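Note that chain A is present in both complexes that follow, paired respectively with chain B and with chain C.
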Partner chain A sequence: MNTMTQEEKIQRLGKIFQDVLDLPGLRLTENFSTADCPEWDSVATVQIVLATEDAFGVRVSVENVATLHSVREILALLP
Partner chain B sequence: MSPPARQSFFADALARARERRAAHDFPGALRELRVGLDGPVDYHTAVKAAAMLPALPPGLPVRRIALVGADTLVFLQPIIRALAFRDGWHPEFYEAPFGTWRQEILDPHSALRKFKPEVTLVLRSWREAGLPTTGVDSAAVEHLFENELALARCAAEGLGLVLWPGFDFPSDNASGALEDNLPDRHTVLAEINQRLRGTLPPGILWVDLAELQSSVGKGWVDERLWQAVRQYPSAAGSVALVELWLALCRARWGQARKVLVTDLDNVLWGGIVGEDGMEGVRVGPGTEAGVAHAAYQQFLVGLKNRGVLLAVCSKNNEADVVEVFARRAMPLRRDDFAGWMVNWSDKADNLRALAEKLQLGLSSFVFVDDQPAERARVRAALPEVAVPEMPDDIAEYIPFLQSRHFFDLLTFTAEDRARPAAYRANQEREQLRAGLTSVEDFLQSLDMSAEHGPFSEATMERVEQLLARTNQWNLTTRRHGRAELANLAARPGSLTQWFRLKDRFGDNGLVGLWVAVPRTQPGETSAEEWEIDSWVMSCRVIGRGLEDLMFNTLVDAARNAGARRLHGVYRPTAKNALVAGLLPKLGFKPEEGVPGPAGEQTFVLDLAESISRPHAIRVGV
Partner chain C sequence: MTWALHHIGYLTDDLEAEAARWCADFGYQRDGEIYTDPAQTAKVCFLRLQGADHWLELVTPDGPSSKLAHALRQQSTFHHLCYEVPNVAAALAALRERGWLPLGPPAAAIAFGGRPVAWIMDQRRVLIELVEAGEGPYQQRALRAPK
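So, the complex of A and B:
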């Protein structure tokens, strides 16, 4: 897991986002944020957190859960 | 045989639904999505399913659902949408503004009351009881009880069917092991639950959150997600809660299921009675699987004792099954079953016949079968039957069936016994959906492909095993060993073929074979007469049309070898009644003047007149 490049992480997150947001064509970038996407609401945030925890074996702390608004912020939490 | 892909069952259905949607086949997309929800449902699958649903799925009744509670109930909405879709209705939501749930109930002019809900779902955690950690005095308890009761009484008017929650228990008890003699919140809440449950006004249904909390276990609340976004309960807890809510709705609406139809082989017992014999099937102490199968039977006994009808639907020789019930010690007895379909017919046809016999609509049926293909067949032909996608492991049957609450009733007798007349009127079933209603269409949808070839070193082991173990679909029951097989294969003009069948649920493996040999007199070098020495098919692929493909290849091979006539013999045993009529069905004529020993019947086929049989199996790798 530690050897994943930033690119690979974004790719894996991309699958999660496509799934959760039901946007099969979505191309994820580091800058992608809630402002870009009306589908990214609080329900989606919880889903993204739970799926990211499963996929990367991390646990997102309480102060980070509510404040995740962009892919960059998620990447910062990954090992 | 590769295990059916149960873990990806929903994902596969979702992918098919997306394909249909992309092709603008919206009814087809919804059908696939609906199938996906027969598998295990968790928070992610429910949210994905809800996202696929159109704002108003066509043809579904809409029900106004109010969500009233202390936490962020919006997380529950997609789960309700998805599972209501599975149950055949669509929710229109009203969610009370955050922090106003008591006012909304008490105020006669609130937005909640203007919404005129058909169902009001109330949810609040133990925190709303506002109890101190310890040292609760009895006046405070009395006060809490009176408040709850007043609120519930007010909710009983004008809010439709109200589901009122008991209190769950705090996860942060300070008193630890002292709990028993230092009355704390747990003790107090348990007492209030008990009193409330007994005094709720009629029209309000009690939701036992404490029991749900204990069945979900430690994951009932994700403290972190509660603290961060007020999600209560957790993702897993929310799915379990919605399942319970919808079960209570179904019970109130008269939609609880009433009949559990169970398969036998590898479900009621381990093994296949037609192959392993009455003494060989595993049930009860002695084997691990036997214990699990007995536990499943015990679970059915419990269902039966509270009014659920049990029925059997199994592809077997009835005599074998009767013998198991007569001679094996099992929790279930034959007369525990209200319906009994043990034959080789299509299971959808059998379910229709059962519905007639029991005078119940198919919408009160739950169909439990370990074979993915049988489940798919019943889903396609009878969409009103509940067909849970059963786990591979028998030990997981009970928790999975329980999680679905198929048979939950509000009270033991009232709903169940007073209604048969109303149900009889309901029996006029919906016109079966176009497509996928015939066996032919079903077989087509299985997307079957076969490989076949002459016996070789690589296949010999399985060929020998198939000849040794197959009892039912076995024309001659000749148990050739390795050496005899080698001899047979080496005889000039002998023809052998094995068959491997795949379908969209996986590879069934090498499941069929035939052996044909020329009838040559000593000294003769060529022959015109060939004879079927053996013809065998595994019972796991019965009813798929593989025998037709096998027949066609046999006829072709015999013709190519120069044969003009093909002889066949049916050698009856205690187990192979299934193939008694096979040869006549394929166009063979009884051979006269050749009485064989012990009831053997000989037949002959004129290869010039033989017609190729239709089937739905693609040949090739």
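So, the complex of A and C:
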């Protein structure tokens, strides 16, 4: 986990975002945010965070999922 | 941890019409007034069958920017289950260990006299509300008290 580069993390997150948002052609970037994607609502955020925990084998600490609005903020949850 | 079904949350765009329908079709009775809770961005009212140990909660967005507006557009009518628990924070921690994700910190709920509620969801998109047992209106344990 600690040896993953930022690009590798974004690549892994990309598959999660494609599945959760049902956007198979999505090319994820660090700057991707809820403002770019009407499908990314609060329910999708929960699904993204839970799938991220599974994919990265971590349990993230998040006080309020409603405050997560970008890939950058989700990357910040990862060790 | 004990989990007592407190209510079933049903999402509607018209509280009065929906209440009338459930009362006429299944014999529910209105229990209390309509509450507006800005923290939940919702208006709610409660119905109960005679002798039942839980409520049916009818929920509607309190405006177009409500957190519930999107779910209503998706016609997700049966919206959530609510369990009364002795301690919401402890219940959240227990469910977090089992893979559920809190949607936010506990917040005081107007309909329950300020008792804290919290929301939690899992990967199946099952939405659960937790309400803390205690003094105030709509105590589930009061429905279970010996007659």
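The criterion applied here is as follows: the second predicted complex is superposed on the first by the 77 of 79 C-alpha atoms of A that agree within 3 Å, B and C clash if a C-alpha of one lies under 4 Å from a C-alpha of the other, contacts with A are read in each partner's own complex, and residues count from 1 in each chain.
Basically, a contact is a pair of C-beta atoms (placed from the backbone, for glycine too) under 8 Å apart; a residue touches a chain by one contact, two chains touch by 3 or more.
Just so it is clear, the structure is predicted and the values come from calculations on it, not from any experiment.
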{"item": "Contacts of A:Leu26 with chain B and chain C, given as first, second, both or neither", "value": "neither"}
{"item": "Intersection of the chain A residues that touch chain B with those that touch chain C", "value": "42-43, 46-47, 49-51, 62-63, 65-66"}
{"item": "Chain A to chain B touching residues, read off their complex", "value": "19-20, 22, 24, 42-43, 45-47, 49-51, 60-63, 65-66"}
{"item": "Residues of chain C defined as touching chain A within the complex", "value": "67, 70-71, 96, 99, 101-105, 121-123, 125"}
{"item": "List of chain A residues in touch with chain C within their complex", "value": "41-43, 46-47, 49-51, 53, 59, 62-66"}
{"item": "In the complex with chain A, residue positions of chain B that touch it", "value": "18, 43-44, 47-48, 51-52, 72, 74-75, 77-78, 224-225, 227-229, 231, 235"}
